[in-house]
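The first chain written gets the first letter, and so on, giving A, B, C and D; residue counts start at 1 in each chain.
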Amino acid sequence: MSKLKMGIIGLGRMGMEHAKHIAANAGQVEALAACALDDGQLAVAKELGFKAVYKDYKEMLDKEDIEAIIVASPTDLHTEMCAYILQHPKKIHIFCEKPLDMNVNDETESMKIYNLVKQADVVFQIGFNRRMDKQYRAAYEQIQEGKIGDPQVVKITSRDPFVISIDLIKRIGGLLVDFTTYDFDMARYMMGSNIKEVYAKGGVLIEPKLKEVDDIDTLALVLEFENGTFGLIDNSRQAVYGYDVRVEVFGSEGMLKVENVNKSAVEYYNKDNAQLKNPLPIFMERYEEAYISEMDSFIQSVKSGTPVVCSIEDVILAQRAAAAGLESLRTGKPVRVNNEF
Amino acid sequence: MSKLKMGIIGLGRMGMEHAKHIAANAGQVEALAACALDDGQLAVAKELGFKAVYKDYKEMLDKEDIEAIIVASPTDLHTEMCAYILQHPKKIHIFCEKPLDMNVNDETESMKIYNLVKQADVVFQIGFNRRMDKQYRAAYEQIQEGKIGDPQVVKITSRDPFVISIDLIKRIGGLLVDFTTYDFDMARYMMGSNIKEVYAKGGVLIEPKLKEVDDIDTLALVLEFENGTFGLIDNSRQAVYGYDVRVEVFGSEGMLKVENVNKSAVEYYNKDNAQLKNPLPIFMERYEEAYISEMDSFIQSVKSGTPVVCSIEDVILAQRAAAAGLESLRTGKPVRVNNEF
Amino acid sequence: MSKLKMGIIGLGRMGMEHAKHIAANAGQVEALAACALDDGQLAVAKELGFKAVYKDYKEMLDKEDIEAIIVASPTDLHTEMCAYILQHPKKIHIFCEKPLDMNVNDETESMKIYNLVKQADVVFQIGFNRRMDKQYRAAYEQIQEGKIGDPQVVKITSRDPFVISIDLIKRIGGLLVDFTTYDFDMARYMMGSNIKEVYAKGGVLIEPKLKEVDDIDTLALVLEFENGTFGLIDNSRQAVYGYDVRVEVFGSEGMLKVENVNKSAVEYYNKDNAQLKNPLPIFMERYEEAYISEMDSFIQSVKSGTPVVCSIEDVILAQRAAAAGLESLRTGKPVRVNNEF
Amino acid sequence: MSKLKMGIIGLGRMGMEHAKHIAANAGQVEALAACALDDGQLAVAKELGFKAVYKDYKEMLDKEDIEAIIVASPTDLHTEMCAYILQHPKKIHIFCEKPLDMNVNDETESMKIYNLVKQADVVFQIGFNRRMDKQYRAAYEQIQEGKIGDPQVVKITSRDPFVISIDLIKRIGGLLVDFTTYDFDMARYMMGSNIKEVYAKGGVLIEPKLKEVDDIDTLALVLEFENGTFGLIDNSRQAVYGYDVRVEVFGSEGMLKVENVNKSAVEYYNKDNAQLKNPLPIFMERYEEAYISEMDSFIQSVKSGTPVVCSIEDVILAQRAAAAGLESLRTGKPVRVNNEF
């Protein structure tokens, strides 16, 4: 089978991660072109083996024979770029980082993309990488096999190791948009049901500066799913002991727990206590393999027509849950989520 | 120091447990008298070493020189009996099983006891045994020492191994009253703050018969505490793998987890997987030591005047949280808790 | 069934432990008489409920109608006392603490007891309590059920939390006699085969004073069993992190591990690491339940004729393995063990 | 800094692993040439990006400007090839897979290489990859920092998931040579002392065919180190539950355990028990990162002159311990190891 000709827009933290993986996947992919504004990033892309580099993504699309593209630009450019690509005369498959649109309270732009995707005959995948993480995937598959009977309650804890900068929050969204959307998507994925209602309590317990951007650092949510089951999510921007993400699904015939991943197998005992190394310092190391797997999965969907692991509907529903969470925080009331398209 | 002359009312499951412990504590206690309606239970009490047995607790109080009494009768008799004892001419210290009153929606009876306790010069302790469980106690003490900085989020999971009978529910109360009150109390205890608001979602996912008594078997709650921190509780009446109670407190400087207690240290590996024994089958085995510790603590409070581990205020506040939870289930709205007396 | 009339000789650390348990077992046992040299110990025995106390065990045997006796005197008195009891006109069942005789290099005294036991129609049980510990017992039973196929290798680690005093060593024996005999017995028990050969390496790495009594504090052994399988044992007199005993049995179809028992379920995470409490500080707490179980088992053997959990043969074979270990240390060669009687 | 021009001899299981890593390390290495007898393997090497491929390693050395070479040919060719390379007019650094020579009973060939290495001004590293595994490395570093005080006992368990073929054994050596050498090296590494004496017990408990090649499948060893400390090793060719390697170092101030690595964080509870996934199926997955790290370390030694992680002395001392083990099995006696050069 011929190699997939791929391009990438955006070479920031996540973009560079993807760029490395497609450059290293020479058996399946031809790393055709990369686009970024920064000269240093473009130089790295060339070193990684990208044949051409651009500062203008429209020019790249015109000049290069790209079959599939990764949109890893800042979140506020996602919808504009996806819209342009989807309307381009060339047929180009898209892998777009999450979320599709920061502005979860007004989904005009997201629905525009939704409609374009529905009209276009292309593969469109969203980068909710956790769905492809082998730990969650293993739990998901056991649930699908009926190992825990009917799922009844899902519990998700997600904690970042440190508060991200105000500047970054402005570009990628606040806690509910940038961070909790992962958990909303994971909750739907594990429970096999849409979120019907969100009730959120949150506040600023860690970093007072977050109030400047109307954001919070600590969050507790209760979810009700359409099938009558329940979910609990808690988030924090700062776990001093490291990155901490755990998922537990409780069902009529058993329970599946995905414990926080700790790559250390070393135990140390002294006169005071028994010690283990802390969890991983940050999500990049935690999900290293998942980033590769989601890209492999995208390439397979393009080549073989298998359904995408995470669709445009999935991201829009996660964004709607985030919007409901924001409204719940504002109003102090539980908020219904519309899951219709 | 002279031995404490103790009596007990009620020799059911919990009553008999307490009866055994005070009978075995011959160094500190004189097991003076026991009261129950059942002849078989009274025979066991005699065998355990109780000097006298009665079917009428009022007669027992008149005839025996009891200094401290355990009220372990069915929940619906707690307030009536406590009121009688508190108004008895003899000064009698009381250890009363939880909850004080099943009828959490109308606290007339509970407040009557509250007022009697405030007027009387006696020790009055409530049997929230988990406060004296050495696991939770160890976590609690580390929080007090500042080991996790400021607590920000508490998470409690409590799951029973099987649905109790409709008959038993009628006598001891539904999920929120009989079961979640433990968690409300634990949440307050760990966070060092009163519960300000409760939002509850719940339903019948396991045993349809529970609808007959307007009860539920699955529950998810979000709490807000008066100091601005948050809590999540999830409950189930049936974990097929055994009794499962876990508490996690997350703070600015660290996290304390009390994992579910599993008394097995045996690991078995075969070609299929690695296996551990399931958790304990039921709460009696889990809290065996805590039942002894809470009684020791009560005896110490009587003898030395140390503050009780769990006061009348504590149980009333847990009952108010349960009432708020019930109202939240009914109305679909978050409900404020009044913590004033 | 009538209560078993029991007596006890020796009220030191282990003796007092047994005395408490039989005194607390009023349903099955009549705590008839206790013998010790120390007035304080005898006073405690009286408080525990023993009807009579003696300083001379022969007098106790003559005066009291004892049916079963616990021999918990210093090790160097075990054989003399057992011989006397076994030759007493009264038929008296014996539970004797381990080892039977400290002098493992000359088994004249042990074999004298062996012959007396064989002639007498009494129950004779040795206090290798670990056989009745529920953790090892659970592993043992799974091996018996064939869960790991044919056992091939047993690994035992036993470490004490601190070096015991030279005086105590003089009375109870050195590392191989007092401590490793437990492991020899456990190894035979788990593997279902006698020890054929012992090779031992050891030295003084911790406490130089041990050289005064020709003892060691650190020991590593390889065993070969009669059925062609193998064992490894390592011992230390001082694990600074607490008492550490682990057993692992590897077989053709799987592995069973009994991890060190840690009664704490609390995990603490801070910016430095994740911490658990250390293991238990000393064996008394670790085996609390096993001491009760072995006594229950002895009483059952007396009452119902069930085979004893640990026989005179078992202790003599453990002593022979210890003798082989001592010879191996002296000669630097592997030493055969005679398992014939 | 200029790229290191590297070649490789042998593209079997380990050779191909190394070939991939150096091909993927384009920033540091120029993958100049690969040599193998098999056309298919050479085709893969070309695809990986090796500029030239050869069937004759001597021709490759003559024609290509190789600065550093990986010797991953069958074990019985290691010494011949290393000797040729070390005597080649070009100065070529060598990374040679372990062991240096299967024939541990006669070290003529190994010592010939030793002498050539001592005369040559080249880097010579042996592929004991475990030294660079991040788990063992973390333990090693903590020992170096004094975290456990003076090491007193090392325990190593190494079990393969299935018996390798008789053919493979003929080419790579029996249990003690191919497998236990890793443990001898790890034991020396952790304890910081040479092995003074080996006592070995072993047999055929799993695969009777091994007797044809005078090999065994089950092994238990006791080691004494030159500094007076002790070690225990147990090996099996077939753990039905997967690859199992654990290292424990016990010292005067604490203990470090490297538990078996299990990359699954998923726990499953049902009515029967709690289940975890088995350990990894085979060593390749376990040590994936260690293979990269040892190669990075070799490249760094070549470029910067840092000492190699595993030297010619290290491998010869591990081979001498294996020879001692074989003699101990033959004679039934403990055998001294000569650690002089």
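Note that a contact is a pair of C-beta atoms (placed from the backbone, for glycine too) under 8 Å apart; a residue touches a chain by one contact, two chains touch by 3 or more.
Protein names from UniProt, one per chain: A, B, C, D = Inositol 2-dehydrogenase.
None of the values given here were measured: they were computed from a predicted structure.
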By label, the chains that touch chain B as well as chain D are A, C
Between B-C and C-D, more C-beta pairs in contact link C-D
Greatest centre-to-centre gap (Cα means) from chain C is with chain A
Taking each chain's centre as the mean of its CA atoms, chain C sits from chain D at a distance in Å of 43
CA centroids of chain A and chain C: separation to the nearest Å works out as 59
The distance between the C-alpha centres of chain B and chain C, rounded to whole Å, is 40
Among chain B residues, those touching two or more other chains are 239-241, 253-255, 262, 269-271, 277
Counting only contacts in the complex, chain C reaches chain A at residues 240-241, 262, 269-279
Seen from chain B, its contact residues with chain A in the complex are 150, 152-153, 155, 157, 159, 197, 199, 201-203, 205-206, 218-224, 228-232, 234, 236, 238-241, 244, 250, 252-255, 332-334
Seen from chain D, its contact residues with chain A in the complex are 24, 27, 47, 134-135, 138-139, 142, 147-148, 253-271, 277
